[in-house]
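Letters are used for the chains, namely A, B, C and D, taken in the order the chains are written, and counting of residues starts over at 1 for each.
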Amino acid sequence: MMPAHFGGDIFDTSYQARQKATTLAVTFETDRAELERYIPEELELRAPEVQVALNQLTEINWLGGGKYNLVLVSVPARFNGKKGPVDAAYPLVIWENRTAPILTGREQTGVPKIFADIEDLHIYRPHYATSVSYEGNTFLSMQFEAGGPITGKDLERAKLQLRPLDLIGWRYIPKVGAPGADLSQFIHFPQWMEVEMAYTGKGTLQWTELSVMQNPRQHHIIRALASLTVKKIVQSVLAEGEVILDTTQARVLE
Amino acid sequence: MMPAHFGGDIFDTSYQARQKATTLAVTFETDRAELERYIPEELELRAPEVQVALNQLTEINWLGGGKYNLVLVSVPARFNGKKGPVDAAYPLVIWENRTAPILTGREQTGVPKIFADIEDLHIYRPHYATSVSYEGNTFLSMQFEAGGPITGKDLERAKLQLRPLDLIGWRYIPKVGAPGADLSQFIHFPQWMEVEMAYTGKGTLQWTELSVMQNPRQHHIIRALASLTVKKIVQSVLAEGEVILDTTQARVLE
Amino acid sequence: MMPAHFGGDIFDTSYQARQKATTLAVTFETDRAELERYIPEELELRAPEVQVALNQLTEINWLGGGKYNLVLVSVPARFNGKKGPVDAAYPLVIWENRTAPILTGREQTGVPKIFADIEDLHIYRPHYATSVSYEGNTFLSMQFEAGGPITGKDLERAKLQLRPLDLIGWRYIPKVGAPGADLSQFIHFPQWMEVEMAYTGKGTLQWTELSVMQNPRQHHIIRALASLTVKKIVQSVLAEGEVILDTTQARVLE
Amino acid sequence: MMPAHFGGDIFDTSYQARQKATTLAVTFETDRAELERYIPEELELRAPEVQVALNQLTEINWLGGGKYNLVLVSVPARFNGKKGPVDAAYPLVIWENRTAPILTGREQTGVPKIFADIEDLHIYRPHYATSVSYEGNTFLSMQFEAGGPITGKDLERAKLQLRPLDLIGWRYIPKVGAPGADLSQFIHFPQWMEVEMAYTGKGTLQWTELSVMQNPRQHHIIRALASLTVKKIVQSVLAEGEVILDTTQARVLE
């Protein structure tokens, strides 16, 4: 990682990034044609669904026990490679409120992370809320009203369903002083959540478009997402557990 | 830039990034051997000097009129290429308090930018002060006591001396799931300051080393810089003016 | 000031609080009856007008050269006292993004200051913008498009018009463990601006109401202000200069 | 509470402020004469001990489910009133990272709250750390290395010992435009913690004095606390549970 002249991390295949996580995920069905405009041709959209997931991460081992929040906007995708298909979530964008994981995510695995302020969950049971903003301008509000905890066999099923968090990143590094790219690769990045508790509930998303002056580098992303038709909310879920990332297992898809 | 699927910026060679700048730069002489440990072999150290420069940038055209601060730690370097030598500052590290310019700087031109909180200058004339910290832990304090403004021919000379801000970046993009790099290039990135006012004065730097837990990703950089012998302060200067960057004129050094 | 056991400031009548200021003020005419609901009976409303003024303060002498921003919402008022009428602005609310001046303002002079995040002005000439938010939820956006600078005799007139910033505060300290007040006083607090530059232009205000959960202590204030009829914008002005406060000249109105 | 003209809270004696709390408290023995310099004559110091306690508060009912952190520096005190003695902690200072509870604490119950940035606990088990800073300048670092959880009868004893959090505040509201006070009262403010888990361990405190320019309104408080002799660490404990405050039960001590 830059700066490289101070020495780098040891490439240690036994190392896993671990953190406690609270996840609030709202999935909606949208129009396939609208959504496919943002899916690169190398990928296939498995379903016209978008998931917006707040992740509140704490006790992060590779950040010295620190914390950060992210909002992942992703779709179910497939990469049809030479060695067969790879299914994973394809992130349209990830907003994070800390720079260090943005840099590692972009440069190591092509995950399209950008910055936003993301409030820790406000919790007034059974009400949960967060807001995502850029330099004082709110562009996404998430609310959740929890129903009861999921238990028994339903919990076992939920643990299985919520476990996989594999991502496909598109690592794109531009040429210097010229149009085009020096690197343009699709990367499979394995990660998963060991869910301990989960709650169903009613989630809502409210987007607010921003002007160029309010958010000069991201306004087109927000507009694209805010414009997607919401046919119906497919699922809203709140889960707590542990998230594990294994950067050394990432690989370029071919 | 990632995410690439929402469309990118047009590569427009007539576009220049412009911003108002207040610069507080303190340059010290150090031990050559100590310093050369951090200079890659492709570069030659022109003088055993380190400049630590706060830049407070406002009215930034490519950020919609927004602002941010940076602290640039650099040395005078030479790249001896096939087409002759290129002289520029080689940044050991740049701390910035906003993520968007960190991403463009790293990915487009290999400038080793990382995040820190950087206070706007506190100004109680003739005293100026700023502090640089990471998650509540101060690691650099800069003070400056201004003498009088530089005027007349001295100002003309200062304008010439302070004008060049060209950087040599080392763009290093790691391999995926393996040690080593997919890209490792030296890049010349032209920029300059049109100085309007300048003041001599007495500058001081105070480093505080941090523990791994206080700053897990940067503690070794801070320790390296804090450990450099300060033989003498060579120059302390405060300047105001405009800084212009021309990313489209950046080129890979060979 | 609390804590009192560490010793207090000396009461020094020669001391004036001084700071550099950039002010963006938008004044609108509203309905008198609507507005009078928020004016205590001890005061008379001189005109059914509300001014919303961003103040960006820097080089603040009593804060060691630090800075902060405030948004003052005020009306022209009169206190008809035993010694004759006192005219000044009556602040309905002042949002500030730093706690220290909130405490002195409330406890020393009854100025109703509360906290919000207030962006430094984004300046993309001739466009100026700021946003005011609470824990990630925007509730006020201000924009300004500057016309030319005011010059000559118009500037002299503007300097006189913009100079007085006297406030009438209502210092209200509640009883302990019971309804009602231990102190309820009207206070005259002299301050003024020495204007150096001023620009006319076109200002706009956009309020966004927040839910109880988004802003539990202020939502009713925002709703009250957002609900005021805007009959017309009376004046929009941007000014730069110095603001001087003289707390020792404050006095209780009788 | 100011502003009073928008209407106030209903005085409801059935209302209790509730919040989840993680507390990290380090108590040290100091020199009695040194400490008594900061104890007003109306109070008696019960033991020459100072407790420094981080409180990380979440799911706060009166803040819509929001959160904030505080660092309470207090001593065991006694008020010998007409109706007999009242024992409680006397806070020398409380730093909080949110303004709303600072205002209610100061104005309603005389608790000497002032602002600082306070990091959420970094947790890399068994290591816990936080830093307290002002505008980028760290002045207090707390570390804790947890031993095992307290269990069985020891836990029952710890619950009893850690339960009382009653404070005695000194509400001091200055005169307007003159030296001296309009209000100067001692107030008893009942609160308590319902402890669920507790850990012994080894805690450390590291103070860093700041210059007037780095912290113009608090530097003397930090210097006073940093100068206190630490004879020995009496207790270090980490606890989790719920904290309940009952403002309506506060009363002026006579």
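Definition applied: a residue touches a chain if its C-beta (ideal position, glycine included) is under 8 Å from a C-beta of that chain, and two chains touch if they have at least 3 such contacts.
None of these values were measured; they are calculated from a predicted model.
S.K.: Give me the chains shared as neighbours by chain B and chain C.
M.R.: A, D
S.K.: Which chain pair shares more contacting C-beta pairs: A-D, or B-D?
M.R.: Most C-beta pairs in contact, of the two: B-D.
S.K.: When the centre of a chain is set as the mean of its C-alpha atoms, what distance in Å lies between chain B and chain D?
M.R.: 41
S.K.: If you average the CA atoms of chain A and of chain B, how far apart do the two points sit, in angstrom?
M.R.: 31
S.K.: Where in chain D do residues touch at least two different other chains?
M.R.: 64-66, 122, 124, 127, 129, 135, 213-214
S.K.: Once you've mapped the touching chain pairs, tell me: line, ring, star, complete or other?
M.R.: complete
S.K.: For the complex, give me every residue of chain B touching chain A.
M.R.: 1-8, 11, 38-40, 62-66, 91-93, 98-100, 102-103, 106-115, 135, 170-174, 176-179, 182-185, 187, 212-217, 220-221, 224, 247-252
S.K.: Can you list the chain A residues touching chain D in their complex?
M.R.: Answer in residue numbers: 58-59, 61, 64-67, 120-125, 127-129.
S.K.: Spell out the residues on chain C that touch chain A in their complex, using ranges where they run on.
M.R.: By the definition above, chain C touches chain A via 117-119, 122, 124, 127, 129-133, 135-138, 141, 208, 213-214.
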